[in-house]
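What follows is a pair of complexes built around subunit A, which joins subunit B in one and subunit C in the other.
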Partner chain A sequence: MLILQAIIDGILIGGFYALMAAGLTLVFGVMEIVNFAQGILVVLGAYLSYALYSHLHIDPFLGLLITLPAMFLVGVVIYWTMIKPIRRDRVIMSLLTMFAVGTVIEGILDLIFTSNLVQTTTSYVNSSVQIGSLIFPEIYLYSFAMAVVLLSALYWLLYRTKFGRNLRAAMQNPTAARMVGIDIDRISAFTLGIGVSLAAAGGMVFGSTNSFDAASSYDLISRLLAIVIFGGFGSLSGALVASIVMLVIEDVVAVVWSPTWGQTTFYLVLILVLLVRPQGLFGRTAVRAQ
Partner chain B sequence: MSVIQVTDLKKSYGGIHALSGCSMTFEDKAINGLIGPNGSGKTTLFNVITGYETADSGQVSLRGQDITNAKPDEVFEQGIGRTFQITRIFPRLTVLENVHVAAQRQGFVAQARGWDSAAERERAMEVLEFVGLARLAPEIAGDLSYGQQKLLEFAFITMARPSVILLDEPAGGVNPSLLRHISDRIRALNSEGVTFIIVEHDMEFVMRLCDQVLVMHQGSALTSGPPEQVRSDPAVLEAYLGTGPKEGS
Partner chain C sequence: MTATEIAPVGAASPQHVPYRPPRAVRYGATAGLLVLLIAFPLVLPNPTVTSIGVFTMIYLIAAIGWNIFSGYSGYISIGHAAYYGIGQYTVALITIHAHLPGGWGLFGLLPVAGVVSALASIPIGFLLLRVRRHTFIVLTIAIMFILQLLAFNLTRFTNGSGGLTMPFPTWTGNFFNMPFYYVGLLAAVVAGAAAWWIRRSKYGLGLFAIRDDEERARGLGIKVTRSKLIAYAASAFFVGIAGGLYAPFVGSVYPQFAFDPTFDLAVAVLVFVGGIGTLSGPVLGALVLIPLQQYFYLQFGNANLYLIAYGVLFILILRLLPGGIVPGVTSAWRARLVARARARQEDTRPEDTGLKDDAGQKGRA
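Take a look at the complex of A and B:
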């Protein structure tokens, strides 16, 4: 029963990790940028929800109506001011730029919120629903539902709209996309906006379930990168599956063996998978056709 | 009457002058062939016209309007479509989706609407029918043969009804039967008023198809004229044989 509980916990927590990882892999797929700032953007989202809750008493889930559009704008502004002006060695320079953006945001957050750990402690953070001997923490149930809604919306956008088709086309072949008149800058700005919004949504849950400060971003980005590499860079479905697999492995190993070995075991599994499939679970050997 | 005019176009990569003061005029509603030895600047000229490369100096105009250094999507909006030496399609979209993606000139509002309208679907199938790929509409584009991918690229360029189409080596790696099919489609579109500019090394293909042939050598225009005139021009032969153009030619 403990193992079943660990599997359920892993799936529920994996849901919001999938949100954050989806943002990272989407940005890579369209722009070929490994967004090193994703970890600190998650923390920024967590701080925004924390500030709205502690100062204005706005419920973190309701607060998403403010934080998601705000973080979308942050992503768009980062693209137009930092990424678009890069003329040479775009991929490498973008990567370094995002690293710099992350460092600046971390410094600003440290100045505003100091390095004291905080947590968004709503009334339902410590509540849970019990079915038989299985326990479902309410915050994880709500966050899993939110992840399903947001990822479904993302799926709808990508696979049921013309814009999404253009975005997928740009992911597969940016040169051909330009050739048929797709504005890659507009697509890229929008994509970074979505990626940062998803980070904010994940951050809201992260900040409600963990004590955090700006430095928490380092652990987050390493976990998110591991998830995206495991699932295959640029693959949305890979990010979803890998998030859940990672969290389930961690939780099950923590229960049957030791919490210390939870994360280590996942990394061992990651290495084994990469030995067999270097492109990750759902990655393609040739992401770009030309 | 000219459709695209390039004037004193220059483009260098370090010490290599890919375009060195290139000036030429492409005739409207004609099939223009653009030939020249390897490294003469043909593809660079295509890239500069279509916004994939920025010119160091000089001017590109479309029907008198300056489009120098416009972005590729802006050039496409102006009605210029192009293909590449290596076929560029969207390999994980279906054949039909590939063609739909090319309908960008409808503008942003149309894209924000839900899915494709009946008229758009009809137009997409019409275009696929035109190139002979209608039966492959639901297939994944990456699964098509090389020749079929060439046709698909041609199809999605025509989807947006461009007035000028630039084809970069359409005959490369294509079997004779498919090449005849491509020639037929080019002629059919040309008879509807579409201008073509074709870079091609297959001289028979160029001489048979084109109304006007322009020759490039060492980054600038060498000569131009009807195919039979260009074919017998000694300066062209010398350029291809590597002895360089005669002075004053």
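Take a look at the complex of A and C:
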């Protein structure tokens, strides 16, 4: 029963990790950018929700109506000011640039909110629903529902709209996409915007379920990168599956063995998978370097 | 020498022809720099200044080491803090378990730190080097975080987040930083010599061939996997030494500072700033950037302003010098020489162009 509980917890928590990882993998898929700032952007989203809740008493879920568009703008601005001007060595230069951007954001957050740990403690954070002997914390149920809604919206956007078709074209072959008249810059800016707002949505839940400060971003980015590698870089479904797998492994190991080894076990599984499939579970076969 | 052999002037794309200053200039500049670096703590013995010097040496060793792998082979690693951390823990654990006193003896452990790092890098490199480009970059980061997590979790060895404390040397006052500085300088010179030797060896040419076109390099008979792995281990060796110097200097080892993601990126940035794949690039990058970074750190006592200044500095450098200082300056200089040679070609015979010297050069400055 404990194990069943751990699996359920893992799936519920994996839901909002999937949001953050989806943002990371989508951005990579479209423009081959490793967004090293995703961790601090999640924290930024968490702080925004926290500030809205503690100063204006806006419910974090309702607050998403403000934070998501705001973070979308942040992403678009980062694209136009930071990523667009990069001319050479895009993969590595964009990674270094995003790291630098993340450092600046970390400094600013630290300046405003200090390094005291905070948590968005809404009324439903500590309450839970009990079915039989299984416990479902309310916040995880709500956040899982939100993750399902947002990810469905994302799939709808990608597979049912013209924008999504252009985006997928840009992912498959940027040069050909450009040739048929797709505005890659616009697509890229939008994608980074979406990726960053997904980080904010995940950050809202992260800030409600963990006490955090600006330095929490390093733990987050390491987990998110591991998830995305496991699923296959650039693969959305891979990121979703990998998030759930990671959190389920972590929670089950925490129950049957020890909480400290949960994450390490996931990393060991990751290494084993990579030995067999270097490109990750759902990754496209590694193409030859251009 | 006939006119046709003098490729640079008439070549289709002259920017591909590297320029190297004359040998006398290169050797003179190296010797001058060395003299400056040796004299520096004697002229400015203030401990605040010399501690900046020690940090600069640590990053200089790491940058030269990193460049041997990432610069030469073109595989960008953002996970070399893995070896920085292994080097630190090696020195700290041996010191603690063998009850060694602080002081000169600990410098004897530097080669050990290097060797342990290099040994650890072989299985890791074997796993990593199966993938390329961005997948490789991200995997290196992941491996670094895995090791950080292990350092947190293997509490029996590493004392987890409590960290390890090193014995302090008995040196005091202005002298305290000096041994660290000079040993660091010595290690940096050794690393530089290794980088120089690899660069002009046949093995080094193989690495550059891998960087330019791995499949073709394989086709030419270069043992690609072995070459990459050796370079990876060599760079891990020097980064491990940098870590081994850092641990006794700061006197403690913590998982988050040993396996430090900002170290990874800082090393990559300073090599990029100097000029990746060049000999002088990592040196220039480290000597310019690390003192600047340390200055910011001391200037803004609180961490957040420092982070902002550091990040803005990074962004500016990446924006203003995307190709690095060394390639930027040398290509500008070469363009000038070509223009001058062209001008001279018009009134004298082609044999007299000033470009004979670099027509046969293979490497970049």
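The rule is short, and it goes like this: the second predicted complex is superposed on the first by the 285 of 290 C-alpha atoms of A that agree within 3 Å, B and C clash if a C-alpha of one lies under 4 Å from a C-alpha of the other, contacts with A are read in each partner's own complex, and residues count from 1 in each chain.
Note that a contact is a pair of C-beta atoms (placed from the backbone, for glycine too) under 8 Å apart; a residue touches a chain by one contact, two chains touch by 3 or more.
Note that the structure is a prediction, hence the values are computed from the model and not measured.
Undergrad: Looking at A:179 after the superposition, I want to know if it touches subunit B, subunit C, both of them or none. Which is it: first, second, both, neither?
TA: First partner only.
Undergrad: Classify the contacts of A:118 with the two partner chains as first (subunit B alone), second (subunit C alone), both, or neither.
TA: neither
Undergrad: Touching A:70 in the superposition: subunit B (first), subunit C (second), both, neither?
TA: neither
Undergrad: If you stack the two complexes on chain A, which partner ends up touching A:222: first (subunit B), second (subunit C), both, or neither?
TA: A:222 contacts subunit C only, not subunit B.
Undergrad: Is A:160 touching anything from subunit B or subunit C once the two structures are fitted on A? First, second, both or neither.
TA: Once the two structures are laid over each other on A, A:160 reaches subunit B alone.
Undergrad: Counting touched residues of subunit A, say whether subunit B or subunit C comes out ahead.
TA: Per-residue touch count on subunit A favours C.
Undergrad: Tell me the contact category for A:99 with respect to subunit B and subunit C: first, second, both or neither.
TA: After superposing on A, A:99 lies in contact with subunit C but is clear of subunit B.
Undergrad: In the overlaid three-chain picture, which partner chain does A:273 touch, first (subunit B) or second (subunit C), both, or neither?
TA: neither
Undergrad: Mind sorting out which residues of subunit A both subunit B and subunit C touch, each in its own complex?
TA: Common to the two interfaces on subunit A: residues 289.
Undergrad: Spell out the residues on subunit B that touch subunit A in their complex, using ranges where they run on.
TA: Going through subunit B, the ones touching subunit A are 50-52, 71-73, 76-77, 81-84, 86-93, 97-98, 100-102, 104-105, 110-116, 142, 153, 156-157, 159-160.
Undergrad: Which of the residues in subunit A come into contact with subunit C in the complex?
TA: So the residues of subunit A touching subunit C come out as 28, 32, 34, 36, 82, 85-89, 91-93, 95-97, 99-108, 110-111, 115, 218, 221-222, 225-226, 228-229, 233, 260-261, 263-264, 267, 270-271, 274-275, 278-279, 283, 286, 288-289.
Undergrad: Going by the contact rule set out above, which residues of subunit C touch subunit A in the complex?
TA: 76, 78, 127, 130-135, 137-139, 141-142, 145-146, 148-150, 152-153, 214-215, 256, 261-262, 265, 268-269, 272, 303-312, 314-315, 318-319, 322-323
Undergrad: If we count contacts the way the header does, which residues on subunit A are in touch with subunit B in the complex?
TA: By the definition above, subunit A touches subunit B via 160-163, 165-166, 168-169, 172-173, 175-184, 289-290.
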